[in-house]
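First, the structure itself, so that you have it in front of you.
Chain nomenclature is as follows: A, B, C and D, assigned in order of appearance, with residue numbering initiated at 1 for each chain independently.
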Amino acid sequence: VTPEELARAAQAVLPADVYAYVASGAGAQTTLAANDAAWAALAFRPRALAAAGPPDTRTTLLGTAVATPIGVAPTASHALLSPEAEPGTARGAREAGSLYVLSTRSSTPLEEVAAHAGPWWFQLYALRDAGLTRELAVRAAAAGAGALVLTGDTPVLGRRERGSGTRLLPPGRGPLAVLGRDVDVRAELLEQDPHVGWDAVGRLAEASGLPVVVKGVLRADDAQQARSAGAAAVVVSNHGGRQLDGAVATARALPEVVDTVGGDLEVYVDGGLRRGTDVLRALALGARAVLVGRPVLWALATGGGDGVRELLTGLTAELALALQLAGCPDVAVVPRDLVLPS
Amino acid sequence: VTPEELARAAQAVLPADVYAYVASGAGAQTTLAANDAAWAALAFRPRALAAAGPPDTRTTLLGTAVATPIGVAPTASHALLSPEAEPGTARGAREAGSLYVLSTRSSTPLEEVAAHAGPWWFQLYALRDAGLTRELAVRAAAAGAGALVLTGDTPVLGRRERGSGTRLLPPGRGPLAVLGRDVDVRAELLEQDPHVGWDAVGRLAEASGLPVVVKGVLRADDAQQARSAGAAAVVVSNHGGRQLDGAVATARALPEVVDTVGGDLEVYVDGGLRRGTDVLRALALGARAVLVGRPVLWALATGGGDGVRELLTGLTAELALALQLAGCPDVAVVPRDLVLPS
Amino acid sequence: VTPEELARAAQAVLPADVYAYVASGAGAQTTLAANDAAWAALAFRPRALAAAGPPDTRTTLLGTAVATPIGVAPTASHALLSPEAEPGTARGAREAGSLYVLSTRSSTPLEEVAAHAGPWWFQLYALRDAGLTRELAVRAAAAGAGALVLTGDTPVLGRRERGSGTRLLPPGRGPLAVLGRDVDVRAELLEQDPHVGWDAVGRLAEASGLPVVVKGVLRADDAQQARSAGAAAVVVSNHGGRQLDGAVATARALPEVVDTVGGDLEVYVDGGLRRGTDVLRALALGARAVLVGRPVLWALATGGGDGVRELLTGLTAELALALQLAGCPDVAVVPRDLVLPS
Amino acid sequence: VTPEELARAAQAVLPADVYAYVASGAGAQTTLAANDAAWAALAFRPRALAAAGPPDTRTTLLGTAVATPIGVAPTASHALLSPEAEPGTARGAREAGSLYVLSTRSSTPLEEVAAHAGPWWFQLYALRDAGLTRELAVRAAAAGAGALVLTGDTPVLGRRERGSGTRLLPPGRGPLAVLGRDVDVRAELLEQDPHVGWDAVGRLAEASGLPVVVKGVLRADDAQQARSAGAAAVVVSNHGGRQLDGAVATARALPEVVDTVGGDLEVYVDGGLRRGTDVLRALALGARAVLVGRPVLWALATGGGDGVRELLTGLTAELALALQLAGCPDVAVVPRDLVLPS
């Protein structure tokens, strides 16, 4: 099944509004298209006669062993896609040996998701209610999350013109369903805090005892900030083209981040990665892992947790094939000169 | 409402000829398309975790306070678009806190427009009748214009192959309706004077007591000329692609003008700015403000002065959101490195 | 009438085979498309407030005064397009004050064409029959041609896959109708001579007493060869994309030729020039004149000699407008920095 | 007949599955499209007045005289295309004076093909059964092959999503029909050996007494490896876009290979060469010969061995024409500066 076929299959089973909400990007959707195009523009320079057998795709992410460098990006409200919701996604990822990054905007309480997950991390929006933010960090740690992923590109939501999701959410599946209880604080404090800065990294690490990953880094200077702030890793991300439309494609931003902090921090990337060859391009540019967003949701919509597992194992098989065809024996050491600049 | 939707709505309510007249560019419309494409080609490098609240979009233009750096470009014959005509546009701009630049080709006497306007400037074509040119400058100053905007790219009209406007103008709404009286000079003297040169800047400043802005600057050497001639500001403009087809996109010309005179003069830009993200791109390249042309006319056609207000406040809200997502707290200090070269 | 409208009008009145024969290029038609695109890719940097009145388009070509730098490129078999044939084209060019370059493949005897022509030159294919070649050169001089234009890019005909012209030619209008008499030499000797080299320039100049222009120069080294061989001028040309498909667009080749020999020889250009703004681009790159091919044939097909005149005067008016809008007072001194590199 | 017409004609006569199997590339077919586009992007700088008669296209490949530098690329299972199968292709190539490279995946025993062939080489996949690999090398030499072409880009098969061929193969035409006998080794050993490395070059040369050509080289460092390993030549190839999707277009990889080993080894190229002008581009970049894949199969499908001959003679005539139009007298010495970089 090709990425395009998977998206079409999801479109066929989902309400139009939900499909549009997930599929679309912000504004004129410039970044959405640029993400895809930037990977495709990177040409490979494969090695001949490399005498390499089937490669091993296993790696570690902040010390945690995973079967593949292809993980699940944090995305909101899986109950919109399937009654299995986040537990289904978590199970699929676990069965594929993939890292699962659970979103603050989970439609399922985090401990319930954790019960189905293999290695998982918790994506955190810093909320205006600092106590609630701290509660989430502490509970994620207690439930077994291996890291906190602090989203840095969403002081407020981007301008999304197409589709809607949240108003279709069933009762109990709202934007803070992750808490698993009714919250009686004023709604404003449940919103994301636009004033969150780099000091949040240390604060969250201290509160949770977990390493903190900063997601949404697109510049060398911000990567340095992340390192100075004590982040363990960064995710080069433009939020799948859903925040600032026009933001640089992640394939274009990745090299400067890797060149600046790659020796000290793990660098991951998301945005427009649709095939195993895209993953190989990301690894060649220095990413240690990639996160996949929309395709996971399409797989969840069409096949539940089983669909998620099949997607991730399929992508991993594609990656293994691409590695072998490129003459790369080791998923952790893909040389930069495997790709030509676009 | 997206820019494309607004244009389509206007097309639905306007005579085909009027729509084509406004929408089209000169010749093969190369510049018209290039203007749009050049903004879209500029990718953002947003800052993460910038700890910035909702930005303030207020600024000053030649010392005049405005609520937004998004102003109304001078465009002809608003009576073609709406019975509210220029007074409607002026009111909409005033209510949005935007600068309004009234065209010499206004279909309403300038004093009548001024009565409805907030901060406004007067765009001046130097006419073959020097006395009339002077009269316009003096009357604009008397009516409260804050500056004269001398158009420098229209010694004669460009080659416009599509649509027509002026022959549909109602009685009393002709090309010098701005005067508010019948003019009995020979028609030839009412035409624009192709022999107008840089000395006109000083002449008009002296006659009116107003600062003079030169519109239609696309080169560093012309920007220097403007400075030497005593201009207070320049507008990087190719007349919306309506004069010399093939003229460089304004996004491409803006940097050399900013680099040359940006320390001394205010630099504005128009052409193809359709979304708040485009405005942010212009600010990043060093523009202090932008002027919006066709969308204002579509808004006037579909919603009168209210439509103009809604367009301008909507664009300003988009700009504020884009600033915040980009991590820029200050509308007046948007760093150049926020955008990558295309 | 736009260039596209003119071509469509011609298509409507011509046999499909003739239209395709004229309109098409060789092979995959890569060069045909590249010629057009390369002009469009050159952006103008017009001057503001240039204080320039309507420009004078008059110039001289090898000392001959013409009303416009827009001449008629040599093209074959005008009898296919109109019963007026080459005399019609010659008259149209004369009435427009344009240079007419008559083709060896004229369907009318050269002296008969000369009788209707203003300033005209004769395009010469060196034939295998050297005597015949010489006869053509001598007769052209005697009939008043101002120069010989030796085509250097056609040792044999290119691979043309679309349409046909010559088999539709009426009796007496064949490939050597220019001679005005039956020729009884073996057909092979009537063919073009692939062995013709740079020494032909001097030979033809001596035989005719005329300056020799070499057409089909696309490289600096060939331009130097032309100068060394005694040529008076060169035409940067790829034969309208009808010879070697894939040959560089003329707009891309022109600068290296101008930079190398422009101080010594006049440099002209053809290929894809469809609007006055294209002509201005060519002048900015250093061409002293341009030659127009297909549009002249479409004009001849739709309007006879009158159509040719209207086309040439229309293009010249467009050029004058473009010069004025660009702030260029002088058709002979268009600065290189008027265009940005593509 | 144009390349597109030939492909359409084949599509009309072949089962859809077979057509898709041959026509398609791996994955998203990025490389398939890039191959074509990269040749088209190379613009020619032809010489004028080159005084060159019809060029001689004869050359030698590893010392063997051929009538043309255009050879037949190794492709699998010709029985799918025509009952004439590989003997038909071999005859067509022989009659055109072209090199024929027979595939290991021939659907006809190699000695039977050899009986119909002119100059031919044998493409070898190193199989897991080393004895069988050696047998093929020895038998190819005994049957008159002039060289072994070791494929270096296929440790395993690429991800091909469209069409199928092998399951439609008639009895006796399976993947090792080249052997001409039943093979009773375990199926696994018939597979290609992913562990084959550069040492295979020497081993095969020694076993067969033949020069060894390495096919699938896309990088300067691999070209150096080939030279060090004792290869006589390399083929710059991405397997027609059927192995690692995203692999660099061969036109883009060719220069670095030529620059590195072109003085010592012969360099050939395949991938996307469809017209004589494409071949000329390859020669200009330093290739000594080109190999043509899909068009040969379309010609075989539509015209059998005669069709193959006509294709190859037609392409050679196109090349000769292109050489003459470019002013290149010698097929073996086409200057690099005949093409501009893309």
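Just so it is clear, a contact is a pair of C-beta atoms (placed from the backbone, for glycine too) under 8 Å apart; a residue touches a chain by one contact, two chains touch by 3 or more.
Just so it is clear, the structure is predicted and the values come from calculations on it, not from any experiment.
Visitor: Tell me, please, which chain's centre (mean of its C-alpha atoms) is farthest from the centre of chain C?
Guide: A
Visitor: For the copies chain A and chain D, give the interface type as same if over half of its residue numbers appear on both sides, and as different if under half do.
Guide: Interface between chain A and chain D is built from largely different residues.
Visitor: Can you compute the centre-to-centre distance for chain A and chain D, using the mean CA position of each chain? Integer Å is fine.
Guide: Here the centre of chain D sits 43 Å away from the centre of chain A.
Visitor: Taking each chain's centre as the mean position of its Cα atoms, how many Å separate chain A from chain C?
Guide: The answer is 60 Å.
Visitor: Touching at least two other chains at once: which residues of chain D meet that condition?
Guide: Correct list: empty.
Visitor: Is the chain-to-chain touch network here best called a line, a ring, a star, complete, or other?
Guide: Looks like a ring, each chain touching just two neighbours.
Visitor: Kindly provide every pair of chains that touch.
Guide: In this structure, the chains touch in these pairs: A-B, A-D, B-C, C-D.
Visitor: Touching chain D in the complex: which residues of chain A?
Guide: It is residues 2, 40, 42-54, 275-277, 280-281, 318, 321-322, 324-327, 340 of chain A that touch chain D.
Visitor: Which residues of chain D touch chain A in the complex?
Guide: These residues of chain D touch chain A: 27-28, 30, 34, 150, 152-153, 155-156, 158-159, 161, 194-198, 200, 214, 216-219, 222, 225-226, 238, 243-249, 252-253.
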